[in-house]
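See the structures that follow.
Both of the next two complexes hold chain A, though its partner changes from chain B to chain C.
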Partner chain A sequence: MGRFLGSRGARKFMRNRLAMASLGVIGVYFLTAIFVFVGGISMDATKQRVLPKHVPGFLESSSLDQRVEAASHYLNEVDLACRLAERRDEDPYGILVEKHLAERIPARLTPDEYNDLLDEAFGILEEELDGVDDLNHRPELEPRVQRLEQIAETLYPVPAGWDGFKYKLRTFLGSDAAGQSISVRAVYSIKVAFQIGLVTSIISVLIGSLLGAAAAFFGGWVDHVITWIFSTLSSIPYLVLLSVLIVVFFGTIFDNPDRPFLSLVPVYVAFCSTFWIGPCRVIRGETMKIKELEYVQAATAIGFGRMYLLIRHIIPNTAHLMFINFSLLFIGAIKSEVILSFLGLGVKGQPSWGIMIRDAKDEVASYFFWQIGAATFLMFVLVLAFNIFTDALQDAFDPKHVD
Partner chain B sequence: MSLLQVRNLVKHFPVRGGVLNRIVGHVHAVNDVSFDVSKGETLGIVGESGCGKSTLGKMLIRLIEPTSGSIHYEGKDITSLSHSDLMPFRRTMQIIFQDPYSSLNPRLTVRSLLKEAIAFHGIVPRAEMDDYITELIRRVGLRRDAADKFPHEFSGGQRQRIGIARALVTKPEFIVADEPVSALDVSIQAQVLNLLMDLKDEFGLTLVFISHDLKVIQHFCDRVMVMYLGHAVETLPCLDLDEQVQHAYSKALLGANPIDDPDQRRPLTILQGDVPSPFHMPAGCPFTGRCPDVVDRCRAEMPPIIERGDGHRIACWVANEEAAQPAAPAKSIG
Partner chain C sequence: MWSFILRRLLYNIPVYLGIILLVMALLRVRNPVYAYLGKNADEKQVEQFEKSFGLQDPFIVQYGHFLWNGARLDFGESWKYKGTTVREKLLTSIPPSLSITVPALILTTMISITVGLISAFYRGRWIDRLLVIAAVLGMSISFLVYIIFGQFVGAFLPKQAGWALQPFEISGYKPWYTMASTDIFGVTVPYPSHISPGTWVAFCLLPVLISVIVSMGYDTRFYRAVMVEECNRDYIITAKAKGATKNKIMFVHMLKNAMIPIITRIMTTLPFLITGSILLEIFFGIPGMGRTLITAITDMDYPMIQGFTAVIALLYILSIILTDVLYALVDPRVRLS
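Moving on, here comes the complex of A and B:
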């Protein structure tokens, strides 16, 4: 490692400020992914209701309509609980605590207090706001709506302290159609993206480099077979191939949304079996060049066997290309995952940016951009950082590149 | 008895083309070359770029497989030995390359480079390995701390010294030096040549020294073989090269060398025309198109190699006919 950091390419890379910044961004993403992976955000947290549906995020103030709708959500919850409690002759609080929205736990009041507050609220709703067609153009009704929100908050107080902070984090990007937190889902998706990106790019680069190096080094029928396989595979349109490979797994144990780790296997298989082509082609070319170099001939003259030459003298000298290909494939995997998930073929049973974008397609028509915005923004920053990183890597380690 | 006997060595590289990628012809890199190298001798091989001298050198140590012909080393035919049978010869036959930049693996330190060869052939016991490497590095004129550096930390001349150390590490008896100084500055050339000379005496090496510079060969070798388009056109001792040289091409090569005395001039023959393509070899002598002394017979027939005594062998119709007429005065130059 010290040798690597001291090398000319590594020093050149470290002088590039933009590259170091992108490395920092990637680092933050990576740490977040690790944090999620070790259980910092549980899968349940992504599916929990935290808000009424389609609450906008921090920048946008809700219209009166939306505010009434949001407040009504809390009122209805309490109303339902009270009626149920009456029928069963229980304490309504016992029923209500089961229906908390994340950190927002209902206030502990007596049934009479609940009923008084509800009566007042429904009074406002039915007598003053009901039948008003265009609430957004009636600012004089604002105080009534505020009172309604006050009641909702008395019933469901916003927590203070650490819980309050967590609640803010969960809600600052709003909620989706099921009332799930957009911020939690978007951040959880970083883990899914890294999982798919790392697994597929590492496996593909390893397979591709070994096959490419072997093809070029041994030549003859080995080269013919490997070249034939990758030209055949690359002649099939990429998305079709991916879809077919995933459809093959339908109906098997890998097609089960309740086991999110297993359900990623088809994605891994599909990506690995198409992604190795790129590194294979590049490493094959590089190996063809290197195997004619004099240091390989010198090693032959010493008497080393061909496998030894390949592993000790040739493959290590293609390492810079492996790095670059790894980084390219990583972005490729994340982008492809989004496309596949959008088509309903990719990730199952856990959130991912692709699934968020798919879920958002109906919201966008009604000007609700928070979900698609959060997913694409996080993806955009990561892909941009990786592109800058790859570019800098290429510049730094390309011996033909002059400053 | 000679250490190395080469008989009728031929290398044709197939050229593929057309839709079906069939062999459409051959590049005649080395054509019917025979020579001997005796123990302790240094044979120089000289010729212009593309004349097949490097191909010949690499064939001698089986880096390139010959198309036909035979190579005997210490009386044993090594032309078609298998990888494992070749192993003892791999240790005794080594090569020094021209380009000090591409001849060292950029990812191996000098020590690991030398170590893998020592371990592979079991040259010295593991415990003595570091001492052996230190001694070898000192011997080729590098500092002791060079052992743990990477090739890119050295200059061209230093890298060539590492290349020499790599060739010597297996304690070889025979070394092919493939233009070892052509890529170096003139001042460094002299240092590396002197180093090679010292090492040759010290290790009792037999050398085949390939170069395009007749001056260097004259300085360094016992005998010189002039190659033109894959043919060995003239072989003669270096000692009185200037007087003895007969072949028109050898004369031209010699004439291209400046003499380090401003009052003396060699008759300079500037060759006209181009080297014929090794893909379409001419029927007669390959030098026909550019030879100032060409006669009709040259175009029709390939001249045989005639032994002239004193180890002087030449393939030229004109020179051979002159020699056959004792009345004719010996041609001399210089």
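Moving on, here comes the complex of A and C:
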């Protein structure tokens, strides 16, 4: 490792400021992924209802229409609970506590206080705001809407302190069609992206470089068989092969949204069986060149075995290509995951950027961009960082690469 | 030369057989009949179904059967669309794919070669940097996002805002030509007639534009790299020493020599013209090859999947052989190795 870090390529890479910055970005993402993985954000948190549906994020001020709709959501919750409580002859708070929206817990009031507030609120809703079609163009009604929001706030107080901060984090990007927090889902997806990216690119690079090096080094029938396998696989359109490989798993235990970890297995299998082709080609070509070099011949002359030569002298000298390919495959895995999840063949049972984009497809038509925006932005930054990182790697280690 | 072509052909036969083998085997990992009739199909039904499609034969017999029928372009009947043969499906879904991919390929290639040349011409200057940065940024956005926003800006916004110009439709695809056929020496030859460019613009131009924008990032970078590499060759230095102007070097000497990698790249994308862009076809409801194949896969329509992949893979392999042959024509060293 020390030898690697001291090499000319590594020093060249470290002098590249943009590359180091992108490495930093990747590091931040990776730490976030670890944080999610160890339980920082649980799967339940991504499915929890935290807001009324389609609440816009922090930058966009809601129109009066949306504000009334959001306030009525809270009022209706309390109203339902009160009626149920009356029928069962219970304390409405007991029922309401169950309906907390994450950290936002209903206020503890007596049944009469609840009813008074509700009466006032529904009074405003029914008498003053009902039947007003052009609410957004009637600013004189704003005080009434504010009063409505005040009541909602009294019934469902926004928490203060640490809880309040957590609640802010949950809500600052708004909510999707099911009232789930967009920010939580988008951040959780980082873990899914890294999980798929790391597993598939590590396995694919390992398989690819072993097979590639073996094919070139041993030649003969080994080479023929390996080239035959990868020519065959690469002659089927990539998305089609992925879909067929995943459809094979339909109806098995791997096709179960309730077990999200198992349901990723088809994705791993499909990606690994197509992704190894890239590194295999490249490393096969490189090994062809390396095995003719003097130091390999010298090692042969000394009398080292062929296996030893391959593992000790040839594969380590293709390490830079492995790094470059790893990074390329990582980008490929993230992008393909998004497309497969969109087609309904990828991630199941947990949020991912692809699933968020799929859900957001129809929201765009009603000018709601928060979900697609969050997923796209997080993915864009990560893929961009990886693209810059890969370029810098190629710059530093691949003499053929054009700057 | 002929021996080279023959060698390439012979070499690719096992590859093609391998593709068919792989696809057929993958499709039979789970019983295709249950996948199609549902888990609760009763045994009689299943048996009848299996018999009628020859699924009870040993795998090797089915394989041979498929190859023999495939050689005569007979891939059987679709399970989903009763009464339609796979061949008919193939023939009807190729033109919609082509009407998007061909214009897209031409536009993309022309624009990105130009941009690549400009970038290489001003290498290291601000305009080059700007183009390189734009390409990397463009590459980092998901294809899906391009499509969603493309549809939003191109079709949804004009409709919602009631603009006078609403050029694009995003659903309800209609073909922009009608097929007619004529007899030439007793052979029926179909050809498109009644071409209406307006319909093409309405249904196909927006996907074409999106596809051009998506591939610009990758292609510009590739062509720039090709040009920059050519810049460092000895013949450029010679031309400079002879006193040729920079413009002449760029557009006469360099472009000519850069044609080899350019042609290779175009050739390798040729089979994907037929395959079409699966995502674009899904989003725009275009009944092309890509969408038909993906729906066949999710519907478990086995004869369709087998037939389509067989044809696509064949086209792919043929185009690779063609590329090799072109290469060998240009560079005799390839032929002899």
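Going forward, the second predicted complex is superposed on the first by the 398 of 403 C-alpha atoms of A that agree within 3 Å, B and C clash if a C-alpha of one lies under 4 Å from a C-alpha of the other, contacts with A are read in each partner's own complex, and residues count from 1 in each chain.
The definition used in the following text is that contacts are C-beta pairs under 8 Å (C-beta built on N, C-alpha and C of every residue); 3 or more make two chains touch, one makes a residue touch a chain.
Being a predicted model, the structure only gives us computed values, none of them experimental.
Colleague: Which partner does A:Ile253 contact after superposing on A: first (chain B), second (chain C), both, neither?
Modeller: Neither chain B nor chain C is touched by A:Ile253.
Colleague: Which partner chains sit in contact with A:Ala298 here, chain B, chain C, both or neither? Use first/second/both/neither.
Modeller: A:Ala298: touches chain B, not chain C.
Colleague: In the overlay, answer first, second, both or neither for which of chain B and chain C A:Arg8 touches.
Modeller: Touch partner of A:Arg8: chain B, not chain C.
Colleague: Applying the document's definition of touch, where does A:Leu245 land relative to chain B and chain C: first, second, both, or neither?
Modeller: second
Colleague: Go through the superposed model and pick first if A:Val383 touches only chain B, second if only chain C, both, or neither.
Modeller: In the superposition, A:Val383 contacts chain C only.
Colleague: Applying the touch criterion given at the start, work out whether A:Arg312 contacts chain B, chain C, both or neither, answering first, second, both or neither.
Modeller: first
Colleague: Which partner, once the models are overlaid, touches more of chain A's residues, chain C or chain B?
Modeller: On the superposition, C touches more of the residues of chain A.
Colleague: Which residues form the common part of the chain A surface touched by chain B and by chain C?
Modeller: After superposing on chain A, no chain A residue contacts both chain B and chain C.
Colleague: If we count contacts the way the header does, which residues on chain A are in touch with chain C in the complex?
Modeller: 228-229, 231-233, 235-237, 239-240, 243-245, 247-248, 250-252, 335, 338-339, 342-345, 353-354, 357, 360-361, 364-365, 372, 376, 379-380, 383-384, 387-388, 391, 402-403
Colleague: Residues of chain A touching chain B in their complex?
Modeller: Touching chain B: residues 8, 293-295, 297-305, 312-313, 316-317 of chain A.
Colleague: Under the definition above, what is the set of chain C residues touching chain A in their complex?
Modeller: Those in contact with chain A are residues 12, 14-16, 18-19, 22-23, 26-27, 29-30, 35, 39, 136-137, 139-145, 148-149, 152, 156, 224-225, 228-229, 271-272, 275, 278-279, 282, 290, 293-294, 297-298, 300, 305, 309, 312-313, 316-317, 320.
Colleague: Would you tell me which residues of chain B are touching chain A in their complex?
Modeller: Going through chain B, the ones touching chain A are 58, 61, 63, 83, 86-87, 90-91, 93-95, 97-99, 102-107, 116-117, 120-121, 152, 163, 166-167, 170.
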